[in-house]
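Got a structure for you, written out below as structure tokens; questions coming shortly.
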């Protein structure tokens, strides 16, 4: 029987030691420690790792960490929303997002052309820069291919970016597909629409991308899921997994609770009723802000995997 | 200055009286009362009303209430996710969803072919029934139109259903467009994919639907938003509004908080920085489970609007 | 098997009908409907009803509703915090609490002598009025009794108040004890301290009150618990129940979740491990703001109980 | 203007580096970084540091960390609830708390005499061991002093314990007062009552302890507040601070939100309207599970303070 241990600080304590200690601390620290163990297991078992996240995480500095994880081989399939695509491109173009406050004066921000996401801000200029770049990129892609699935479109964009901290760039480089089931839900939708106005035969094929998604893995392969936040990125990931026999490993990290019946708050337990994750899977649901919880759990896993020679740190 | 009033029960108290009293009670009851006032104002000002919701609300009994609201003229544009489309169709076919518990044994449910969403359950049979129906409907739609936008597709389906409690049916009947920016994110995605396998020229045009969405209203029109829950339904609605100069009225109802920077928890205040809602708009954010909060706020509004002869009860 | 029913509005719908319909709606509306049923059962079985609440509910208009419930025989034992005692007295003296906003400018409020609790405000004047009254009341109580338990002290105060909407007054009138395990945690603590400075033999005996609490019911009696919010009011109520064999009926209403291991978020399920509520008890945990959830669930119960002649409406 | 930075892992990353990086990550990671800065500032300014926490944190492994903080001079005044006192004593007697699951079978736990707090469990034996010890300790204390304030009582107990990881022991050793405004709200209440049955002149003087609390600091002293979780421990701390002119530094860490008007969710912003914290104070509200958030923020502060020679690591 595992028991609670008194947590202690010592000078120079590193992340691995602290998250190790969380295994005996209590409440969400224990769940976080368990999630970290599952990250290690899914990699060691050679599972295909699905990483699903919402766009606010790309607004945040997790964006560079996600790119690093792709590079390290810790993410084989990405599922996200349109905002993630846009903001990763903006950052790859050198745009900086600013740190503001949850209690900003939003009317003043509006006057200054600053768009708030929690305690962060994206300036209108970043959207304009993105628009300029998109026009050129769409023209180039169209010249190669007139009917294109979403993940192919995103890969083409990724190849045109030149930034090692870019999710799109690293994914394209590593042949990691990025699925985005609602590609038009953002400024990018507007740019696609404008382009299609002048190029009626330009088709973004979402139905074709569904088959890309369900055939990106198989029933036989071991599969692991890391679902950060909720929304359709989480839902689409579990859907793909379910259609391939369910996940063997799953970690959900979210601030939402199951009590309203939302997908955002759905637990790994609930997922078993659907066959989204296997009955005997290793699964953990961690409640908390992903910007804190995920780096802790994943960085400890990276330390363990490096020590075992499984990934190169 | 408004002051707190002692709340009292009397025999036979009706919903309108109770929600009136909430205006002097405190905390979320006051916000709910304010949301109800905004519902009244948006209708009285002839605003175009956007109703955005997530699929778990269609799993719940709110589905019939949404259909009723469309019928009463309280929703001019619908934005939702793929699950809503599927489940509305299942229910229109006579399928019943069961009431279970948040603490169900999910492995047992899985064995019985019961898929849990919070304290509700959808049986595998309902998905099979839906599959059978979809095949026939897609064939009929394809014969009319090979390249179709999402909202047109949904309207065609709505016209084929025969259920007054169906959102799709009432919307089709009333010419209320239903936008679904991630139409493939569900079982329906699989059926569309299967159909496209045999009909390569069948195209679901999401980019075309983006233009349908942004041209469904104008800068000049007054616009009101009712965003229930989070996810891309909420995001897509605010995006359309922003591209048309922002909403004049807005009510967000959600269990999510702004502290994680997610769209689900984004407040009407934050929306002002983007121009998603106007600086001087009437806006309220109500925190709580939509299955309770929304009927209360909206039913009181319906009573007021009926009494004033604006809608017919 | 119970199934989900489409929710519908009709003109003049009353609270009882709506909460009846919630039984087939889904998510928290179902839990709320279940809580309402338990309120009916606990009264019909003649259970001794414990009502525990935090002071913010007395800041709100629920204060008058609690007083009404005591008068109707729906609360036999009250457990609360010091703020409730203070604010009930202020209101009994005619003080009005104001309605502000969650986004008030707190520095300006401070300058104006307005103290914010969520979207409500208590002015400094109300605290001064309370102070004046307390001095006189403590003197009178001291003259009768120098060593006094907390619940006796509160009863003496209740008898001196003249307001039918006062919790303390109705409780005193009806011989309903009010337990307040942290009586000094508020302005009242300061007034008791000032009084004791001049009357060293004045003793507020909290240990004696513990025995009053545990002997206010028995193992043999049926016992029902209504715990609104968290904190020590909830904890003290379950402690008393546990020491008397556990509750037969229990409803928890709270916005807190069990995931942090706090008492506020502890569920009725967890309570069974302690014997705080019986293994086979009728129990429900409802997640949501008490100012909305509680009136709905309780008013429906009052309608049912009145119809059955069990209480007089 | 501060901007978002891409977060990166490197082999051997330590806690200080990670929490430094959080300052540019986003959402709660930024707030956590800010809280850590405030911890450094309050110590460097020689502020009197109030540490308030709820009992579930003593159930967890934070208990040893709190004891360490007292020893390091990072906590000058403690405010907590009765459960903390009990459980610190149990652990000092060698009792081990077990790690279970949030989804335990609570009826089975009850049969086994295991009492659940989130994903932790306290066995009945630990309560029995505590009872035996309390009897002896109360007798010894009574022989010294018949009328005793709560903080004096707790100090006497602390002196009798022999465990460096004990909060009570370290506090007694370091002359750090522990205030517990609801001392009877727990098993300890029962033991005090039993003892008083046989010793009618034994008085636990809570009113006297209120004066100990308000005179433990002054208007002139700089004051810092660390309020972990909600409940009366948080409230009592802010009350004491307010009566001494308000805090200069304040960090709230909680999973609760301000939207229900509860003390648990009250923000540092709201506290300014009361003068609980000063208008120009350095303040941060961090949302998240304290078992993760607090060690991160505090351990980074300890590294900074050690490097500057202000505390000895």
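Letters are used for the chains, namely A, B, C and D, taken in the order the chains are written, and counting of residues starts over at 1 for each.
Keep in mind that, in the parts below, a residue touches a chain if its C-beta (ideal position, glycine included) is under 8 Å from a C-beta of that chain, and two chains touch if they have at least 3 such contacts.
Everything numeric in this text was worked out from a predicted model, so none of it was measured.
Chemist: How short can a path of touching chains from chain A to chain C be, counted in steps?
Modeler: 1
Chemist: Treat each pair of touching chains as one step and give the shortest count from chain B to chain D.
Modeler: 1
Chemist: Compare the CA centroid of chain D with every other chain's and tell me the farthest one.
Modeler: B
Chemist: Please work out the Cα centroid separation of chain C and chain D, and write it as a whole number of Å.
Modeler: So the centre of chain C lies 26 Å away from the centre of chain D.
Chemist: As a quick test, compute the distance in whole Å between the mean CA positions of chain B and chain C.
Modeler: 36
Chemist: Can you list the chain B residues in contact with two or more other chains?
Modeler: Counting only residues that touch two or more other chains, chain B contributes 26-28, 56, 59-60, 118-120, 257, 259-261, 269, 287, 289, 291.
Chemist: What part of chain C is in contact with chain A in the complex they form?
Modeler: Contacts found on chain C: 26-28, 257, 259-261, 287.
Chemist: Spell out the residues on chain C that touch chain D in their complex, using ranges where they run on.
Modeler: Interface residues on chain C, with respect to chain D: 54-56, 59-60, 81, 83, 102, 104, 106-107, 109-110, 114-121, 147, 181-186, 189-190, 192-193, 196-197, 202-211, 214, 229-232, 235-236, 239, 243, 255-266, 269-275, 279, 289-291.
Chemist: Could you list, by residue number, the parts of chain D that touch chain A in their complex?
Modeler: Counting only chain D, the residues touching chain A are 1-15, 18, 21-22, 24-32, 56, 59-65, 67-68, 91, 96-99, 103, 118-120, 165, 269, 287-289, 291-293, 295-296, 298-299, 302-303, 306, 313.
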